[in-house]
Amino acid sequence: MTSDAAPSFPTSLGTSAGTSITLLGRDLARDLMGQVGFGELAYWLITLERPTPQQARLFEAVLLGLADHGFTPTAIAARLTYLSAPDAIQGALAAGLLGGGSRFLGVTEDTGRFLAGVLASAGRPPGGEAGWDALAEKAVADRAAAGRLVPGLGHPVHKDGDPRTPRIIAIAHEEGLYGPHLALFEAVGRVHPKVLGKRLPLNGAGVSGAALADLGLPLELLRGVVLLARCAGLLGQIAEEIRRPIANEIYMTVDRNAQYVPPEG
Amino acid sequence: MTSDAAPSFPTSLGTSAGTSITLLGRDLARDLMGQVGFGELAYWLITLERPTPQQARLFEAVLLGLADHGFTPTAIAARLTYLSAPDAIQGALAAGLLGGGSRFLGVTEDTGRFLAGVLASAGRPPGGEAGWDALAEKAVADRAAAGRLVPGLGHPVHKDGDPRTPRIIAIAHEEGLYGPHLALFEAVGRVHPKVLGKRLPLNGAGVSGAALADLGLPLELLRGVVLLARCAGLLGQIAEEIRRPIANEIYMTVDRNAQYVPPEG
Amino acid sequence: MTSDAAPSFPTSLGTSAGTSITLLGRDLARDLMGQVGFGELAYWLITLERPTPQQARLFEAVLLGLADHGFTPTAIAARLTYLSAPDAIQGALAAGLLGGGSRFLGVTEDTGRFLAGVLASAGRPPGGEAGWDALAEKAVADRAAAGRLVPGLGHPVHKDGDPRTPRIIAIAHEEGLYGPHLALFEAVGRVHPKVLGKRLPLNGAGVSGAALADLGLPLELLRGVVLLARCAGLLGQIAEEIRRPIANEIYMTVDRNAQYVPPEG
Amino acid sequence: MTSDAAPSFPTSLGTSAGTSITLLGRDLARDLMGQVGFGELAYWLITLERPTPQQARLFEAVLLGLADHGFTPTAIAARLTYLSAPDAIQGALAAGLLGGGSRFLGVTEDTGRFLAGVLASAGRPPGGEAGWDALAEKAVADRAAAGRLVPGLGHPVHKDGDPRTPRIIAIAHEEGLYGPHLALFEAVGRVHPKVLGKRLPLNGAGVSGAALADLGLPLELLRGVVLLARCAGLLGQIAEEIRRPIANEIYMTVDRNAQYVPPEG
C-alpha cells in the first residue's frame, strides 16, 4: 500500500511478447484465428471457458435474436450521431450503445436476475410441470403484490407471441441446454394469466435472459451480451445510413414540426 | 419538402409485425437464429450479402485478431468507467469504444484506404510480383516524400514480425480470397526497406485492413469492424474486472503518484 | 396516431428564423449574450426560470466545488481516451462523463433524493433544531435498519471535515437560500453518531445535493448538474494532457506491471 | 523506464489532503467557491490563467451563443438516449456530445485554425483595412483553389446574417479584446463575394472561433469549448424531455414511416 511497492495487474486475457500473441492462454494466430468463430470467442472471453458447439449455437442464436430491431431509439441515435460526426464512427456506435439502459435493452438481464433470484430462494428446483407452475405462480404473485412488472412478459408489437421465444426454447432442447431458468420462464408463461388476469406473451428479450442464465453466464454481464449483439446491428444501421441516408430527413422532420411554447406556458 | 408530406424512411434491415420478425429479408426466428453465426450476421448486416463460408472464415479470423490486446488504453478506460458506474455497463463499453480513433484502432481502416487508393490510381492491377513491387515502391516513395507514415508498417512490440500477418495471408489463400489489396500489402512489406532504409514488420491491424478490403467491405466501415471485434474484447475485460478487479488499484497508483506542479510552473 | 397526422414537437428552448435566434423566449444575441453568465444560463435552461443573483451565486458555488477532484477514475479515463483518439475530443469528454454513475458522482443526487423523501414523508418541516434532529435521527435509523448507507456521509480523504460543506452552508445563509434540505442535512451531521456509533463528515457532494434541492432544481437532474460541473473539469484535464501528457505513462505503468494468470487459475 | 521506478504524474489542477482542497493552486472552498463564476473557472481550467472580467465576459458570451440551437441532431440523440436509458443520464449527455464532430459542431475550431494558419503564414499582421482585405482575399482564393470551403462562412437558416456575429464583435470591441483573428474574419466577410461570386453570412460558430483564438485559447481545445457550451444546452433538452417528453413520438414517427426495401433492391 506504500508508493514504493510496484503494483501488479493480473489478467487472463491478452498478452504479447516478441513474435507471439497469447489470448486466453492460447496462441492467438495458431490456435484461435481461423479456427474459432467470433461468437465463440465472445463467450470464451466472458466465461474463460471455451463453449461446446452446443453452447456456441445457443449463444449465437440469442445474439442473432437481439442484434437489430429496426428503427429503435438507439438505432436512430446512432444514425443522427453519424450524421453529425461522420469522421468519428466510434462515437455513433457508442451513442447507440448508450441507449442500452433499463427501458429497452435491460429486459434480458432483468429477466435473468429475476429467474435466478426465484430459483435461489426456492432451494432446489422443483420436479415436474406442476412444481414449476407453483413456483412461478408464487413468484408472479409476489412481484404483482410489490407493484412491480414481471420481466420478460409483454411486447408492444408481438402481442400474440414473439417468434423468437419458441425458437430459443427449441434450440435449447435440441442442444441439451434447457435448464431451470428456461423451465421457470415457461412456467411464468403458463401461470401468469391466473394471477394477473390477462395473457401476455413471453418476449424474446426475456427468453434470451433465461437461456443465457441456463448457459451459466454471469448475470451482471447479460446486458453486456445484448450490447454486443446490438453492436453488430448498429454497424448495419450505420452501413445503411452511408448507403441510403435518412438521418437528415429525421432531423428535418423534427425541426419542421417544432412548436414553440413560451417558457411560462 | 413541405410539412404536409409524410416522410418515408427506407430500410433493408429489421422489421416486425404481429407474430413475425424479418431481418435482412429473412424470417429471423426460422431462417437465421440457430443457423447463422454471429460473425456471419455482422458481415451480412454490413454488406447486405450473406457471406460464403470462406468469406465468413476470413472475416471472423480478422475479428479474432483484433478483439483484445491486453491492457490497452481503451481497456483501461472501460475498466475505470465500470469502477465508477457499475450500474451502467453500457457506459463502460462505450467509453472503451471511444478510444477507437486515429491513433490505436485506426490503422486497419487507414491501411485499407491507402491500398485502395493506390490500386485505384494504378488502373488495372499489375501482373506478377515484379509489377506489384514496382507499384508498392512508388506508393511508399510518394508517401515518404509527403512526410507521411505508411499505414500498416511497424509495431511497438512485434518488431520482428506480427504473427497475425502470415496467418491472415494464409487463410486468405486457403479460402481463395487473396486479392489485390493483400498482394499490394505484401509488396509493401518487400520493398519498403529499399525506400525507407529500415525494415519494419507488416502489422496485424494493417493486414486486417487489406483482407477486409479484399472481401469488398466498404472502406468507411473498416474501423467499425475493428470496433465490433473490440466490443467482444471489452466485454471480456469487464467480465475480468468483475471477477478480479484492478481498476481501483490503477486509480490509486495514479493518485498516489500525483505530483503537484504550481500553475505558474 | 395515424401516419397522416403531422407530429408536433413542442419546445421552450432554442428556435431560430431568418435573422433572429430565440432562446428561452429571449433574443439570444441582444438579451442574453454578454449579459447573462454561463452558470446562470445553465440554471435557466434546466428550470425555465432565470435565477436571481443569489440563486446564481449558490448554484455556481456548487458547480465549482464539483468541477475537478484531480486524478479521479473519470479524469484518467478521459485522458486515456484522448491518447487513443486525439482527433475526436468529444469522445474523451464523453468517456469521462460516462463514469458519472452510482459510485463516484451519484452522491449529490442520492443525497438530494434522500432528503426530499424524508421531508415529503414528514409532512410539514419541523420547527427548531430539536425537531430537525428528531426527524434526522429517525431517517438515519430507518436507513441503517434497512442496511443502507446514508448518502452524503463519509469521505475517503476528508475524514475530519470536507471544507466545501461549511462553505456551501455559509453561502446559502448569506444569500437567504438556506432551506429545509440543508437544515435536515446538518441535522444528519449532528445526530448520526448516536445512531451509527461513529462520526462521519458531511461531504461536499452531499451538501451540494441539499443546496440544489433547496434551490428547487428537479431531483432527477441533480446528477446532470454534477456532470456539467465535471465537463469543465474534464476540459481542464484534457488541456493539461495536451500541455504535459501523462496518459501514455499511465498506460505503460499498467502494461509493464501486467501479470499473466492462466484462465484455469 | 524500468518497472522499479515509481511513476510520477504531474498536475496543476485539483489536489486534496486532510481538510483542504486545492484547485489551480487556490484554496477551493475559501478562494474560489462563491467568488468565481462557472464560466470563469472553465476558462481558468483550460488556460491556467484567471480571466480578467473582460475576458470572462467575451468567453461567456461565446458559450451562450453556442449552448442550444433547438432540435439539432445532437439534441434529438440525447433525448432518444434518455428515453431508452433514463436511469443513466450520463449516457444521454454523452450521446449528445458525441455528435460534436466535423459536420455541425466543428466549425468553431475549424475557423480558429484556419484564421490562425493564415496569420502565421502572413508573418506580422497587416495594418489597415486594405491590408486585412488583401490577406483575406488571398486566403479565400487559396482555399477555393484547393476546392475547400472557407470555414465560418454560410448558414442554412441565417442567410442574411447570423445575429450572433455582430454581437460577438461588438463585445470584443467593448472589452478591448478585438484582435487579429476577428479582424481577419471580418475581412473574409467583406472580400469573399469578389472571389466566390456570392455573398455568404459570417456565422456564429465561426465568429466564436475567431473570438476564442483572439482570447488566446489553445486551438486544439476550441471544439472542447463548444462541447462545454453544448453540455448546458443538452441538460436543458433533457430537463424539457422530462417535463414534456417528445422522444417517444420522434421514435414512433420514424418507425411508423419505415418503408421496407428488399436488400437486393
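Quick notes on this one:
We just call them A, B, C and D in the order they show up, numbering each chain from 1.
Throughout what follows, a residue touches a chain if its C-beta (ideal position, glycine included) is under 8 Å from a C-beta of that chain, and two chains touch if they have at least 3 such contacts.
What you are looking at is a predicted structure, and each value in this text was computed from that prediction instead of being measured.
Hopping across touching chains, the smallest step count from chain B to chain C is 1. Matching CA atoms, the turn from chain B to chain D amounts to 180°, rounded to the nearest 5.
Chain pair with the larger contact count among A-D and A-B is A-B, by C-beta pairs in contact. A separation of 31 Å divides the Cα centre of chain B from that of chain D.
As a whole-number value, the distance joining the C-alpha centres of chain A and chain B reads 23 Å.
Mean C-alpha positions place chain A and chain D at a centre distance of 37 Å. Multi-chain contact residues of chain B (touching two or more other chains) are listed as 3, 6-7, 9-12, 15, 70-71, 85, 87-88, 90-91, 94-95, 98-101, 105, 244, 250, 253-254, 257-258, 261. Chain contacts in this assembly form a complete graph, since each chain touches every other chain. Contact residues of chain C toward chain A in the complex are 6-12, 15, 22, 24-25, 48-49, 85, 87-88, 90-91, 94, 98, 253-254, 257-265. Every residue of chain C that touches chain D in the complex is listed here, in rising order: 3, 7, 9-21, 23, 27-30, 32-34, 36-39, 41-42, 45-47, 57, 60-61, 63-65, 67-71, 88-91, 93-95, 97-101, 105, 157-158, 160-164, 166-168, 170-171, 174, 204, 218, 220-221, 223-225, 227-229, 231-233, 235-240, 242, 244, 246, 249-250, 253, 256-257. For chain A in complex with chain D, the residues that touch the partner chain are 3-4, 6, 70-74, 76-77, 80-81, 83-88, 91-92, 94-95, 98-105, 244, 247, 250-251, 253-255, 258, 261.
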